[in-house]
Amino acid sequence: MTPSDHILLALMIPTLGAILIALTGRNRNLREGVTLVTAGLLFGNVLQILPAVLEGARPEISGFEVTPGLDIAFQVEPLGMLFGLIASFLWIVNSFYSIGYMRGNKEPRQTQFYVAFAVALASAMGIAFSANLFTLFIFYELLTLSTYPLVAHHGDAKARNGARIYLLILLSTSIVFFIPAILWTLSLAGTLDFTPGGILAGNADATTTAILLALFAFGVGKAALMPMHKWLPNAMVAPTPVSALLHAVAVVKAGVFTILKVSVYIFGSDHLLSTGASEWLVYVATFSLLAASVIALTKDNLKARLAYSTVSQLGYIVLGAAIATPLALIGAGMHILMHAFGKITLFFVAGAIHTATHKTEVSQLNGIGRIMPFTMGAFFIGALSIIGLPPLGGAWSKLYIALGGMDGDYWFVVAALMISSLLNVAYLMPIVVRAFFRPPDPDDNGHGNGDGHSVAAVNDRLSLRERMAEAPWFCVVPLCFTAIACFVLFFAPDVVIQLLEGMLEVPQ
Amino acid sequence: MREEQLKPDNAAVPAQKGWLERKENVTKIAWALYVVCAILVLLDFLIHRHAEMGFDGNFGFYGAYGFIGSVFLVLVAKYGLRPIVKRSEDYYDD
Amino acid sequence: MIEFPPGLILILGALPVPFLRGPVRTIWMLALPVAAFVLLYSLPEGNHFAISAFGQQLELLRVDGLSKVFGYIFLIAIFLGVIYSLHVRAIEEHVSGLVYSGAAIGAVFAGDLVSLFVYWELTAISSVFLILASRTPEALAAGMRYLIIQVGSGVLLLAGLIMIWHETGSIAFEHIGIESVGGVLILLAFGIKAAFPLLHNWLQDAYPQATPTGTVLLSAFTTKLAIYALARGYAGTEELIWIGAVMAAFPIFFAVIENDLRRVLAYSLNNQLGFMVVGIGIGTELALNGAAAHAFAHIIYKALLFMSMGAVLHRTGTVLASELGGLYKSMPFTTVFCIIGAASISAFPLFSGFISKSMILSAAAHEGHYFVWGVLLFASAGVFHHSGIKIPFFAFFAHDSGKRPKEAPLNMLIAMALASALCIGIGVWPSALYAILPFHVDYVPYTDSHVLSQVQLLFFSALAFTVLMRTGLYPPELRSTNLDSDWLYRRVGRSILQYCVQTVGSMHSGIYDLVVRRCKRFVEQLYRHHGPHGIIARTWPTGSMVLWVAILLVTYLALYFIDIF
Amino acid sequence: MIAAHLPALQVVIPLIAAPLCAILRRGTAAWVIAVAANWLAFAVSIGLLFRVLDEGVISYAMGGWAPPIGIEYRVDLINVFVLLVVSGVGAAIIPFARKGTEARFDSTNQAWFYTMYLLALTGLLGVTITGDAFNIFVFLEISSLASYVMIAMGRDKRALTAAYQYLIMGTVGATFIVIGIGLLWAMTGTLNLYDLAQRIPDIENTRPVLAALAFLTVGISLKLALFPLHLWLPNAYAYAPAVTSAFLAGTATKVGIYLLLRFFFTVFGGGGFFLSTPLPEMFLVLSIVAIFAASTVALFQNNVKRMFAYSSVAQIGFITLGISYATETGLTAALVHLMNHAIMKAGIFMLLGCVIYRLASMRIDDMAGIGRKMPFTMAGIVILGLSLIGAPGTSGFISKFWLVLAAMENGQWWLVALIVIASLITMLYVGRLVEAAYFREPSEKAKNVREAPLAMLIPAYVLVAATIYLGLDTTWSAGLAQDAAASLLSAAY
């Protein structure tokens, strides 16, 4: 099979998977088996494309013209390759976790959940491999729609409200800003194809470029750039595997991926640098990443805190795209990967805690590390990666973005990244400290419900094995795995960099 | 091990005054120190001092420096620093 | 020959520790530093272990005189620390201690700034557990502050290295200097860990909160790693002389009035660092040798002092001077070891401090820094005052507190005995230490003149102490909190941060609420006109529809005709 | 042979079928005839399309009498495009009609309904194909009268009032049209559109011609429900039987649009005249008001059918907006949206018919939770709703795409903004329905419903499929529309 066939398969596998899951919905073992097999096949399939891309090839499917200027076509370039690999790989992990979580919490409508998940992954593949803005936009919207039932999963008033805000912000930003931006681009450049070096150089002056960039930056609501971020904290009402999908596997990643892709392949790094049109975005992104960190400090709800952390981390990537120097772009691309693994770990942990103890607030977590040592250990590692400390993967991407910032003469970017690291420590580390070193609350006798484990009842004298009350292994193993992956990524930045450098090559 | 910490072995027993706690012995030690100090000053006459900077070759320089410096240190700490920085033990707790 | 970074032996060796039990664990943990030591001893000078990453060579094993001497002493420190903490059951302390020491050793052998940064942050992350493991609320709070400040040091280093990388294209860790902005940032980063004045307070804040065993390890690595880094990157930087002089002098004032004996030791640690910083600032071979030698000697005797206080804390549950006294009766060995440590830090002849500190003083005098020399001499007298006399006096003598704790556990005693032996050994046979210093040494510490000067200085300080005690002028030990520069961030900074957080938080929700409210009001207004009963949506009588038709027709006609004429 | 008479067959087939239905008086038989007639008409439209593409404009003299004496049927790209839409939408609706009418009427009334349906179809096709102005009026009356009956057959009592109002307004409109045509005849002495087009340029600024234009504009605006002459439409659509709503929404207003284009651009001579009048500005303003006022009203409607009726008013606004540009892109946008909206709105009303068939209510609260009970019906509505919003991958996006392109071409950025905001409002009212259907607990009424019969779903899904197809392949929509727009502007007839 040629790499082009694999692109087609990447779209087909999750789609067929969704159908099969729907058909096997009555038998949950079968249904979840299908999910896992589909996820595995998808990743294996996407992996087949990698060697060609690393060698510099750009496999493509020249699709068909919808109307002059609008084509449906696919092409794999390094950034899309990376995103495709991340999404398809984390789907496997997330599927294992979902099994543990959904069963552990006796969630309703599980078949619908797995189906929507598979559709979301198909959309993510479409986004990753689209060859032009129009194709990307179609899958971008599909992703929004397919995740909507996931966010509204619980069906109660709160979930509906969260899902409503989710849909409202994502759709309205894409309609009000994103589509006009795409059409304007088309009218300026006459094409929407992602082209190395960009298509706007010579077609748009500095002011036009700046306005167009604004339309993209705020139109891609999934990138959660302030003030378009509000959907993300609201979407945390969803079950945790969905939060993982939103924050790590596909959704926000699709957003920042789009911005990065637009920066590289539509505007072009040189064009942005020579016109200085993206300078304003550097300031906005910097503000966004700092402000979100500060807001995270005020949140007691664990998932809310993590959500604002995501807003902040996405700011890094947008920042990299706005700085637009080669190192910053590579850093931004790397951060998509690093943040995905770090944040998925943290959300898995939040879900595991909920599954095991039904706790949701940070202030309830005193001493929880005593009964959930693996989970909280993984949280520690994930948190370090998010903060950007060695020896975890997050350190490299932050380094690269800062280096890129220096190349672009934005010294304050370096300062902001450093301050943000400290803020990250301030809102993430107390959770670890609480979990491992605070004594359990004396009045905590496991009220909440029947299968919640009492933290206070755990006696010091018990050995670790006796006092452990972890979430189901289907939850714990994936989160340990992603935590270890954060660690492994620290030692493998070169592969990623090598891949992403291909993104900046402009054929003469 | 925690229990051991919390329970001084014979807290109930009235402390028996050891040799060092008796006032006359302490006075003896103090006198011994005075004598040693006197001898050390006198040694200045016997040992040729290799004065690097000149002023450190003066008679009794190190002794005086040590004594005055220490008194200065303690008095400044007591009357200068402590009034400024001293707060109740639970100052930062609130 | 194996060429492997010795730091990694400790870090990797720490990983199986949680799964080992009893004697196996003991042997394993003791074997790690020994193995690393043997490995280090066999390594010749040069770069031995590089990995290439993002187009740069990361040198993980640069062996030269300076790194080797720090490597040796760090390995000795962790060896002593392991023995001292063998009785501890908590796994996290063992693991973090080993990783922490491994990271510090790794940093010492890092040949480039990126690897340095990696290890630098690793020391911060791994060491914080030694503080948190106390599990008291104060320790947890202090641990968080410690972590933020340490990570802050790391990010400053990162920022600096980014600037230097950007400017020079090289990440080699050689002399840096303060000519560039990056250089200044890195100096600040080192300065935080070296506890420069005003950047120092994390040390006095956190170390006394750590576990008895944790403080011993903490005292050895973080600050001395910074000293090493300063010696590598900023040797001969004039400003350091003055910074060092201030460091040597001001903490002793705090030490005099401090009640918590471990905090007293922390202040004295700070003061000792001042000597080393002065040595680095002078930057001559003698001065650098002095700084290295002093770091070497200092690690051992400061560890010894912390060990003795740790033993007291372990047995009595407190190290407040106001609560202690008379412990010599039931803890005689500990008392003796403490006095040996005190003598060493006070630089009594025949003890290790004497042969190292004097090198720095001599270097200062040689280079004509007379004022600084005077300050250091004053600081020497002061050290004796609080570490040499105050620590052993208030803990083991003074008035009898009535406490009769057991003697320290055997493993603690062994560790203290070994440390004491090293203190005396170095003091008596300095040539062994001199032999491994980075530069050739032709310094002779034991001259009549020098010994006499030092003894005079110390005895007259003791005299002053005696006089002040007997006249009642000596400040009484009081339970209190003494403000220091930590007030700036624990009170002022905290308030500012809280204010910012609240402002941003309330602005954030405020703006959001406002938008939502405006939208709601707008929708209400829309509803009034467009709702099912609003004017636009109503079912109109047929007549009015026709009226509209007429109006429109007239409008069109009017428009057309106006257009013509 | 047959190919030559295709223009006549286009009208004659449904015209003959209509009385047949009435005579047979048997519901099933009438239905079969109606289906056959409609499908044949669709086939004829397709045949005509290929002929036009082949040969250009077809002139067909009815009964062999050459114009200007006889009646000429004249087929060019524009009316073949509209014929295709009208007969195509009808072809999808008519099989669907079976279940709904069967459930409501006895056999005779069923036959009666199909008769009326075929007459309406005849009228609409006739209006579109004829080249004679008076003939237009005649066919318009045929279709209108039949539509009144079709609306009045609604189950709701209010259907009668609605039909009555429509009757009054429709008659006013027809009268205006006939006045306009009369004035033109008086001035030129011909009723043939082609001849009119030749003669009017010489006298275009005379008062009678302008008065004729005013009467025609208002009259046609009434038929196509341009704001504020839309008042008859919401009730007519809301209370008519689902088939009627679907048919009218898909065809009647679209033919009105055609008339507008024909008179403005053909009879009154290309784009030049149109642009020289204040009409573009008028239309621009009215279109925008229509879009926003009607969309906002739709947002608050509790009756889902009424909501989509108001949505139709807004969507017509989009079409007239495209016309107001009088550029090739603008007209393309108008024509594309004409086709796309006909298909999607007919589809939506058909699927709503499915809901009524099971639920017997159109209140949004009663539709709560229906998404699980009628998954295919609701999925169809969601897809068509997305198209209405303009989501890419659906035909609605293509319409908006051309419209925005036209606005950009004119440098009217504020208009781009308005268009996207209008899409946003569309999203809100569609979202309201979707949310109720999927994420609210089933209402009392909805608890016992089940999926609609396939006989209803399949025809509706044909239109759903068409909506998606036309979102992905625009050869037959935008491609044709673009050529048609070009020919309109060049006044080639």
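Order of writing sets the labels: A, B, C and D. Residues in every chain begin at 1.
Basically, a contact is a pair of C-beta atoms (placed from the backbone, for glycine too) under 8 Å apart; a residue touches a chain by one contact, two chains touch by 3 or more.
On a predicted model such as this, the values are computed, not experimentally measured, just so you know.
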(message) For the interfaces B-C and A-C, which has the higher count of C-beta pairs in contact?
(response) B-C
(request) Could you tell me which chain's Cα centre is nearest to the average position of every protein Cα atom shown? (result) A
(message) For subunit B versus subunit C, what separation do you get between their C-alpha means, in angstrom?
(response) 28
(message) With centres defined as the mean C-alpha position, give me the subunit A-subunit C separation in Å.
(response) 35
(request) Could you grab the centroid distance between subunit A and subunit B? Build each centroid from C-alpha atoms only and quote it in angstrom. (result) 63
(request) State, to the nearest whole Å, the distance from the C-alpha centre of subunit B to the C-alpha centre of subunit D. (result) 104
(message) Edges wherever two chains touch, nodes for the chains themselves; is that graph a line, a ring, a star, complete, or other here?
(response) other
(message) Under the stated touch criterion, can you name all the chain pairs that qualify?
(response) A-C, A-D, B-C, C-D
(request) Over in the complex, which subunit D residues touch subunit C? Could you list them? (result) 164-165, 168-169, 172-173, 176, 205, 207, 210-211, 213-215, 217-218, 221-222, 228-229, 231-232, 234-235, 276-278, 282, 293, 296-297, 299-303, 310
(message) Applying the document's contact rule, which stretches of subunit A touch subunit C when the two form their complex?
(response) 227, 230, 291, 294-295, 297-298, 384, 387, 389-391, 395-396, 399-400, 402-403, 406-407, 411, 414-415, 417-418, 421-422, 425-426, 429-430, 433, 436-439, 493-494, 497
(message) Touching residues of subunit C toward subunit A in the complex: what are they?
(response) 52-54, 92, 114, 117-119, 121-122, 125, 132-133, 135, 139-140, 143-144, 147-148, 151-152, 154-156, 158-159, 162-163, 165-166, 500-502, 504-505, 508, 511-512
(message) Going by the contact rule set out above, which residues of subunit D touch subunit A in the complex?
(response) 386, 389-393, 398, 400-402, 404-405, 408-409, 416-417, 420-421, 423-424, 427-428, 431, 435, 438-440, 471-474, 478
(message) Could you list, by residue number, the parts of subunit A that touch subunit D in their complex?
(response) 64, 66-67, 70, 72, 134, 137-138, 141-142, 145, 149, 152, 155, 159-160, 163-164, 167-168, 171-172, 175-176, 179-180, 183-184, 187
